[in-house]
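The two complexes that follow have subunit A in common; it is paired with subunit B in the first and with subunit C in the second.
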Partner chain A sequence: MDYLYGLAQTIGVHTILGLSAYVVLQTGQVTMAQAAFYAVGAYVAAMLTTVWGVNILLAIPAAAAVACALAGLAGFPALRFKGLMLVVATMALGEAVREFFFNFDYQIAKGDLKVGPAGAEGFRQIRYFYERGWTTAEVAGFIWVFVIGIMALLWWMDRSRIGAVLRAVGEDELAAQSVGINLTAVKVSAFALGGAIAGVGGALYAHYTTHVEHTAFGVVMATFAIAYPILGGLSSVFGTLIAVLFIQGLLIQGLPILIGGELRNLLFGLLILLAMNIRPRGLIDERVARMLRGLFVRSRNA
Partner chain B sequence: MVLIQAIIDGILVGTTYALIGIGFTLIFGVMHKLNLAFAAASIAGAFLSLIVWQNLKWLPVPAVFLIAALGAGVLGYVIYVACFRFIPLKSPLATLMATVGMLIFLDEVVTHVSDGKAQDYPGMLPTARWVLGPLDLRVDYLLVFAISVVAMLLLLALLFRTRLGIATRAVAQQPVAAQLCGISLDRTNAATFVISGVLGGLAGAMIGSSAELLSNLLPLQLTVKGLIVTVIGGLGSIPGAVVAGLLVGAFEKGLETWSVLARDLCVMLLIFVFLVAKPAGIFGKLNVRD
Partner chain C sequence: MLELKGLSKHFGGVRAVDGLDFAVREGEIVGLIGPNGSGKSTTVNLICGVFPVTSGGIAFRGRDITRAPPHVCLALGIARTFQNIRLFNELTVWQNLWVAQNSAKHRKQRGFLGRWVGGRGEARRSVERHLEFSALAKKRDELAGNLSFGEQRRLELARALAAEPELLLLDEPAAGMNAEEVGQLADRIRSLQGQGKTVVLVEHVMELVMGVTERIAVLNFGRKIAEGSPSEIQANRAVREAYLGTGAKI
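This part shows the complex of A and B:
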């Protein structure tokens, strides 16, 4: 049972990572910086709880705020670009943040133990849950409260005016601009919101793994962040969740049982390739999303 | 003096970055799409030649290079078919994601082939030195430089002196008009992928050869470096990619004399300086929309 709760934790934090990129992708921007905001959230929250003994319910909003501020600041210069330029700019930002944590050293003695981030060695002993005797199931539940909260927020946003504005910018910037939408404001806000969500995800991630290292937040994680929403489709937040279930649940946890771990990553790349060839607009594209919504509406009327 | 020596070394080796940057730029120029798997395919080509060399040790180094170039060329075609051919042009995110899938796949293949550690690769005259006053130049670096320059000149000859080159440039300028003139988009695009693959494979082999090691970490590292070179040089600009490749190479080696740890951080900051001060790159036209 603990294995399943552990899996639920992994799926939860990855869903948050994917959703943070979902917001940005909706405005048509491909971001490779989500891993950086995730790292910032992880380090800030872990330092608050472990080094300064702050309550986790305060540490998570603080982590989100710092990641949000960084995203907003970086967003202004970065979002002058589109397409490839933005991919490279955000990738460079991500790598710069990772290199920063690689060189970041701040340890204090706590009892007979030194705690805090230690450069290349990473940040060990984030034992907040462990010290308070939380079980795996309780931690999984705690993470999913945040997952559901963020999904509900984005689902509401999708159906509101804000979602329409984001999509308008994503579909056609020129058209959006000519109906009076401030492109920079929309893009930077989406980027900052994505940063805040990634900050929450990173904070949860740091506490459930109890050990973060700069290598975890590289290009691969940034790729995963955009892979979930693109694979799942940008029409619905549930697409991201389904893509995470597909990748983390089926490919990463299920395939090793079926065919052994060696082939797993090879197949992983190929399956992404195949999925994009068959469903270029994502697993849940506009048609499926409309169909689902139709089912929902009809059942309510009946 | 150490710094000047390092910068000269950096310029000589930077030609390999230039070749990778040219590959990214060529594909972007023709397809207006980003092929994130390109650098990984180049290194995969080098690893293919490594396997051949490990089994046939008597092979001369030029033959090993040739195998790497041809292997990466074939991989270029495979990438075109798998990631671009059947995905509608209207879904830029889908092609991007498909190339990411390919990147992960190739990276994983390289990890398997290399057993997760750097492998020996045949070097070209690794001990030969050419002492020039206070400077001490490695002959294999000079060879890397010479081979890269010849490859670039051949590419220019191909682009500006052959029918295929005219077709390629026509497609880059105006795909619809090119099609109306009877140019096959499909064949021209495929040819571009093969040509850039050959250049990339050559660069991958030379990167391995000048260090006498082929690292399993190269696919991701080179992807990041190649993209940086492409953006600094200006999207779609071949001279830009060349100058930016040399610049990044020199900058990197120069910084190494100061601190290896800060090197990569500074290269990342360099790109931010360029994005803020000269967003179009060195030779690019300012076209912020994609």
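This part shows the complex of A and C:
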């Protein structure tokens, strides 16, 4: 059973990671910086709880705020870049942040234990949940409260005018400007919101793994962050969740049970290619998304 | 209402617009015509703040908007359509109009939150009104990308109108339309005048320009070569030469 709860934790934090990129991708900005904001969230929250003994319910919003501020700042120079240039620029930012944590050393003695980030060794002993005797199931539940909260927020945003404006910017910047949308405000806000969400995800990630190090927040994680919403489709937040279930649940956890050995790695890539070929607009495209919406609410405009 | 003074835009050595003086009066429908590449679309883009102006100035209602970015121009009351249709194809017809409600009036009426969350009541009624006007009410939940060409043209106009502009810049709205559609468009433009809007019509389809405008300016190589009523323009020798070349006999 603990295995399943552990899986629920992984899927939860990866969904948050994917959703942090979802918002930014909607505005047409391909970002490779989400892993950096995730790292900032992880380190800030872990230092608050472990080094300074802050309650996790305060540490998470603080982590989100710091990641949000950094993302907002990163959003301004990002305005000047488009397409591949933006990918490279955000990737550089991601690497800079990773390098920062590689060199970041701040430890204090706590009893007979030294806690805090220790450069390349990473930040070990993030024992907040452990010290308080939380079970795996409780931690999974805690994580999913945030997953559901963020999904609900973005779901609501998608249905409100904000969602339409984000998509309009993503589709055609010149047309969006010409109907009076302030590109700078929208793109920077999307970046900041994506950063805040990544901060929450990082904070949760740090606490359930109990140990973070800079290598985790590299290009691979940044790629996963944008792969989920792209594979899942940008029409609905459920696309990202389903893509995470597909990749983390089925491909990474499920396949080894069904098939052992080398074949798995080959199949992993092939299945992603297959999924993208069958559903080029994402697993949950606009048509499915509308059907989903119809299940919950009768269309207001019908 | 709109005043262009010595407006110039150079792309490298190309003088797309070159010292253009032109004024539009309140409530007027003016045409802006000229052969391909004569600077008509560039002029529209300069007025809307899409390109930075090389020299000269633009004033709207006495206010200098030479350097105003597009979203500011829209907020002040200048809306436009595009020569090559630029709709938000992944949004529904309804949403295309919804996102365009960004005029200063909208901002004031709805407040920050109301505007972003979407607003009920008035915002929706206003979208419905524009859908009705452009005969798109039945298509409201269709994705814009799935519309027919004529419907997309109508939606572009509707989207520009959704911002409740005072000045409307139409960049070749009749391109690719059949005669019947051009007729409907002409009716629509005339009824806009009835609603107190000012229209600048950039167009190649002469039956539309000659039919609805009161005054026409002709551009060639970025300069204004003639200005006058439709009948004056039709009789103008310089205009004929610009379109047909010198020595042409009609």
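Everything that follows uses one rule, which is that the second predicted complex is superposed on the first by the 287 of 302 C-alpha atoms of A that agree within 3 Å, B and C clash if a C-alpha of one lies under 4 Å from a C-alpha of the other, contacts with A are read in each partner's own complex, and residues count from 1 in each chain.
Note that a contact is a pair of C-beta atoms (placed from the backbone, for glycine too) under 8 Å apart; a residue touches a chain by one contact, two chains touch by 3 or more.
Nothing here was measured: the structure is a model prediction, and the numbers come from that model.
J.: For A:L231, is the partner it touches subunit B (first), subunit C (second), both, or none of the two (neither)?
T.: So A:L231 only meets subunit B here.
J.: Regarding the shared-chain residue A:I181, is it in contact with subunit B (first), subunit C (second), both, or neither?
T.: The second partner, subunit C, only.
J.: When the two structures are overlaid on chain A, which partner does A:L153 contact: first (subunit B), second (subunit C), both, or neither?
T.: neither
J.: First (subunit B), second (subunit C), both or neither: which does A:E171 touch?
T.: second
J.: Touching A:I162, do we find subunit B (first), subunit C (second), both, or neither?
T.: Touch partner of A:I162: subunit C, not subunit B.
J.: With both complexes superposed on chain A, which partner does A:V51 reach: first (subunit B), second (subunit C), both or neither?
T.: Neither partner.
J.: Mind telling me which of the two, subunit B or subunit C, contacts the most residues of subunit A?
T.: Answer, by number of touched residues of subunit A: B.
J.: With both complexes superposed on chain A, which partner does A:L271 reach: first (subunit B), second (subunit C), both or neither?
T.: first
J.: Can you list the residues of subunit A that meet both subunit B and subunit C?
T.: Touching subunit B and subunit C on subunit A: no residues.
J.: Show me the residue ranges of subunit A that touch subunit B in the complex, using the header's touch definition.
T.: Against subunit B, the touching part of subunit A is residues 25, 30, 77-78, 80-85, 87-89, 91-93, 95-96, 99-100, 102-103, 173, 218-220, 223, 226-227, 230-231, 234, 262, 265-266, 268-273, 276-277, 280-281.
J.: Mind listing the subunit C positions that touch subunit A in their complex?
T.: 48, 50, 69-71, 74-75, 79-80, 82, 86-92, 94-95, 98-100, 102-103, 115-119, 140-141, 143, 159-160, 162-163
J.: Please name which positions on subunit B make contact with subunit A in the complex.
T.: 28, 34, 82-83, 86-88, 91-98, 100-109, 111-112, 220, 223-224, 227-228, 230-231, 235, 261-262, 264-265, 268-269, 271-272, 275-276, 279, 288-290
J.: Mind listing the subunit A positions that touch subunit C in their complex?
T.: Checking each residue of subunit A against subunit C gives 160-162, 164-165, 167-168, 171-172, 174-183, 286, 299, 301-302.
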